[in-house]
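Multiple structures are listed underneath, in structure tokens.
Both of the next two complexes hold subunit A, though its partner changes from subunit B to subunit C.
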Partner chain A sequence: MRVLVVDDDPLAAEMTAAVLEDAGFEAVQAESGTAALEVLSTDPSLELVVSDMNMPGISGLQCFQALRARGDERPFVLLSGDDPQALRASEPGLDACVRKDFDLESTLGQAIADVLAARRP
Partner chain B sequence: MAFDAKRFTARFVEEAREHIRRIEEGLAGLKTAPADQENLNAIFRSAHTVKGSARMLKFVSISQTAHHLEDVLGAMRDQGLAYSPELGRLLTRAVDGLAALIEGIESGADPGDLDQVLCADLVAALSAPGAGPQEAIVPAASPPDSGLPGKLAAASGTAPEVGFRSPDTVRVSLAKLDELIKLLGEVVSSHARLRQRLQDLHQIERLRARDLELLAAGDDVALSGSLRKFGRDLKDDVLAQELLMEELHGKALVMRMLALGMVFDSAPRLVRDLGRSLGKEVECVVSGAEIELDRQLIDRLGDPIVHLLRNAVDHGIEDPATRQRLGKPGYGTIRLTARQDAGGVAIEVGDDGAGVSLEAIRQQAVRKGLMTADQATALSDDQALDLIFRPGFSTQPIITDISGRGVGMDAVKRCIVDDLQGSIRIETEPGKGTSFILRLPLSLAVMRVLLVEAGGEILGFAAQQVAHLLRVPADRLVLVGDRKAIVLDNEIVPVLGLATLLSLPEPGRRLQASPLAGGAHPGGGLLLVIVQVRNEKLALAVDALVDEHDMVIKPLPPHLAGMALVSGMVVTGQKHLVSILSAQALLAMAGQARLDVRPGGAGETGRLSILVIDDSWNTREIEKDVLEAHGYDVTLAEDGRDGLQKALERQFDAVLTDVEMPHLDGFTLTATLRADERYRSTPILLITSRQKEEDKRRGIEVGADAYIVKGEFDQGSLVDTLRALLG
Partner chain C sequence: MRPSRKAPAGCSFEGWFLVSRDIDTKTEGSAFLREKLKKLQDAYLARLPEALATLQKLSSALAADPDAEVVVADLHRAFHSMRGTAATLGLPQISSEGAIGTELMASFKSLTPDQRRQAAAATLHELAACTARIEAAGKAAMQPADPEKD
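For the complex of A and B:
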């Protein structure tokens, strides 16, 4: 399964990608929300988005809202350096909200598993 | 399969450093434009990124510090927390703390513990908008190293470990590379023209063969005509080639240039760290970091500049209480400035501290026995200031051999003047501050070289070491004692024949043995090259001036690098190798010649006597050799007890002693000698294989004048220190 990782910090992007690859996903990186919107519009093989919240230009949240506005319903997991609960509350449509942390390996993996299970018909 | 965080650690450090640099730049920008939203945003983002990555890698202390920093920046951006100089300094402190933690990772250790005081101050800044935590940043109120978490503060209790690094690679802009390649293309076509000249020459040879046949007819017009044309063409081509090569060389050198930022960028943090370790709040303002210099210079500029900065923080800037009493701001300011200056670069390290006390220098000179009180009073201010560059001249209670190469300011001067062909000057105003002004060439690669002939040899001088060229009638020389000298601008400069000084054989054609080998010029009078190093001058009589040219000075190969007399080689147009003489070495040789004369003239009594005490035969003998070569009269003792006995039998001018010895160690020996009336002020040097702070302190306590570490021991530092102490 192919996952798009969106983060303006290439180091964080690569670490996130490494976590995903360890969990058996194929990770593709985008360096901004705009780049993500572009890739997602042309590449239907990307089945899930994991995006950083705080980025220059459009934020992860704005990226999510833009996707939904154009009818793109692919699962979207938001990563944040801050408290994820507040974000989740502000945008209930998000599939998951995970804190960027050293235990990302388990938290992100769990979140994705939950999201995919919830989506399964 | 587990996610391996270690894999990312090096990347993290590298990128975090870059973010730190950006934050520092941004904070500097806030000083002039406190409301610059874009700048605030950029700083905020860098802090945020560091926080995020640190969290993922479980660097908790880094992540937390960055988090608090981010909060304050966020409040400035979104909640109108106003910038103030106090807040600025707090933010700077936070960045420094962050940087120290990051460097902690780099050196292999854990990033270190969270600096609770710093974090509390950052939180306090949030709740007191606009005010900033006043009392927290007055350094006297907090432990001196509270802002220095982790390794730095723990290093030694003294100044933090600091230094500059420059990379092994150089980034070259494509435009510069294109220019270089274009020029090389022209060199290639110029070479084609020379090939054409070769063909012309063949043609001329054929003509000549034909002309020889026609010679009977007396017709050689064709040959001489084409020869003249050939000569003209060749000359043009050679000139064109020369211009091209010069330009090519220049362009290639430019590629090796690096911005002074390499050295300057880390200065502000270094200064703050040093200041904090001494309980002072010091700011460093940098300008001119964009100026480019040859990396040969940049690479070697780091140490002297660090030393000058350290010196300014340590001795220049007063402690906060004193500053406040004097009505100065509690925090000191050091300006590190570079500017283009007449074909070179001037770098200034200036502080707003107490200034150098000329009176203290004069007193110190007398106390060290360098001169009498009358002589010290007679010194001009500049001469007095120059004393601080004397080896071993320090206003600190004890001399410590910092790097094995020399002692303090002396090493700075040696590096700038001798190695980098620059100059150094001090300006100081009591109560206002001190500036050290360094002047440096842009590059060391090409230098003006003066070629002379002496004793049948061609020899070279680097032009900046040549103060004057003179031709004077022989009767202008004066006799000072038994030595020849010349009076120049009110200064008596010793005169020596260069060939004599170098022990070159006299050219056979000179029948009359001249008192000054060389120099007696057929044109009448003497040809003198006056070389100068710092304030010392020496006039060298030579046979002829040969040439003056910009040349590439090549360093000696490693196995010859120890030759002090030859600082490098140049290749002349005739493909001869010519030695470039080092003026320092010539001056030293001239001084040595003086010493060699002294024992004979003044007798044994004129030599200074030194007692050398060491339980190692090897060490004793080496020290004896070195000292005798410098004209001292040496007596040896095998251990402390033997040493004490010999010292009390007869008065020595100085005592050199090992520390660890059987029967009586060096500390006890020193203390015992100091208790004796005759040795109260005699220089005593401790020479040891241990470099320990506590040993040094003990050395001070028992009254030693210097502490030299054997491992870093070289002849120069021993003799220089001794000479400084003996005057």
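For the complex of A and C:
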């Protein structure tokens, strides 16, 4: 499965991509919400989005909202240093929110597994 | 192996062994992931002086104009980003200081223009102290672990 990683911080993006690759996904990186919206509009092979929340320009949440506004229903996982439950409560449409911490490989992997299971027909 | 770091001279806060999480103790993830994490941690620490210079530059801009919304937003984002990325890369001390900076800027952001002008000096003082602690934590994290302390 191809996953789009969106983060303006290249080291954070690379870490997230490494976690995903280690879990068997193919990770593609976008450096901003704007770049993500562009690549998602032309690449249907990207099946899931993992985005940082706090980015200059379009935030992760705004990127999610822009996708849904144009009818793109691909699963969207938001990463943030903030409390993930509060973020999820502020935007219940999000598929998952994961805190950026040292346990990312377990928390992100579990979140994606849950999202994909919930989406399974 | 538990990491053991010595606090640089002049630093008094506790928990220095947590300045950098020991990647070898991670039980999850593959050798590939641990190696990648180590490389990214090293890269992050190498670029930390540049990030600190940016924080200092933004702080100077804030001192010149406490109402500059772009500067306030950039400072908040810079500390917030530091909090998240450092946590992900196993640098909890830097992440904690990033959280302190984030809270300081969130509070400052919520002030009226008059309140900002009154609070600017104190906030800048706290930001400078926070930035100094981040610098110290970065230097401590780059020191090799002392094997005699394991």
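Heads up, the rule we're going with is that the second predicted complex is superposed on the first by the 121 of 121 C-alpha atoms of A that agree within 3 Å, B and C clash if a C-alpha of one lies under 4 Å from a C-alpha of the other, contacts with A are read in each partner's own complex, and residues count from 1 in each chain.
We take it that a contact is a pair of C-beta atoms (placed from the backbone, for glycine too) under 8 Å apart; a residue touches a chain by one contact, two chains touch by 3 or more.
Quick caveat, the model's predicted, so the values are computed rather than measured.
After superposition onto subunit A, the partners subunit B and subunit C occupy overlapping space and clash.
Shared-chain residue A:Met15: touches subunit B and subunit C both. Legend: residue contacts after superposition of the two complexes on their common chain; A:Glu105 is shown touching both subunit B and subunit C. Only one of the subunit B stretches 24-32, 168-176, 438-446 or 492-500 carries C-alpha atoms that clash with subunit C in the superposed arrangement, namely 24-32. The residues of subunit A shared by its contacts with subunit B and with subunit C are 8-9, 11-12, 14-16, 18-19, 22, 52, 54, 56, 81, 100-102, 104-105. Within the complex formed with subunit A, the residues of subunit B that make contact are 1-5, 7-8, 11-12, 15, 41, 45, 48-49, 51-53, 55-58.
Residues of subunit A that touch subunit B in their complex: 8-12, 14-16, 18-19, 22, 52, 54, 56, 81, 100-102, 104-105.
Against subunit C, in their complex, subunit A makes its touches with residues 8-9, 11-12, 14-16, 18-19, 22, 52, 54, 56, 79-81, 100-106. Residue ranges of subunit C in contact with subunit A, taken from their complex: 21, 28-30, 32-33, 36-37, 40, 43-44, 47, 74, 77, 80-81, 83-85, 87-90, 92, 95, 98-99, 102.
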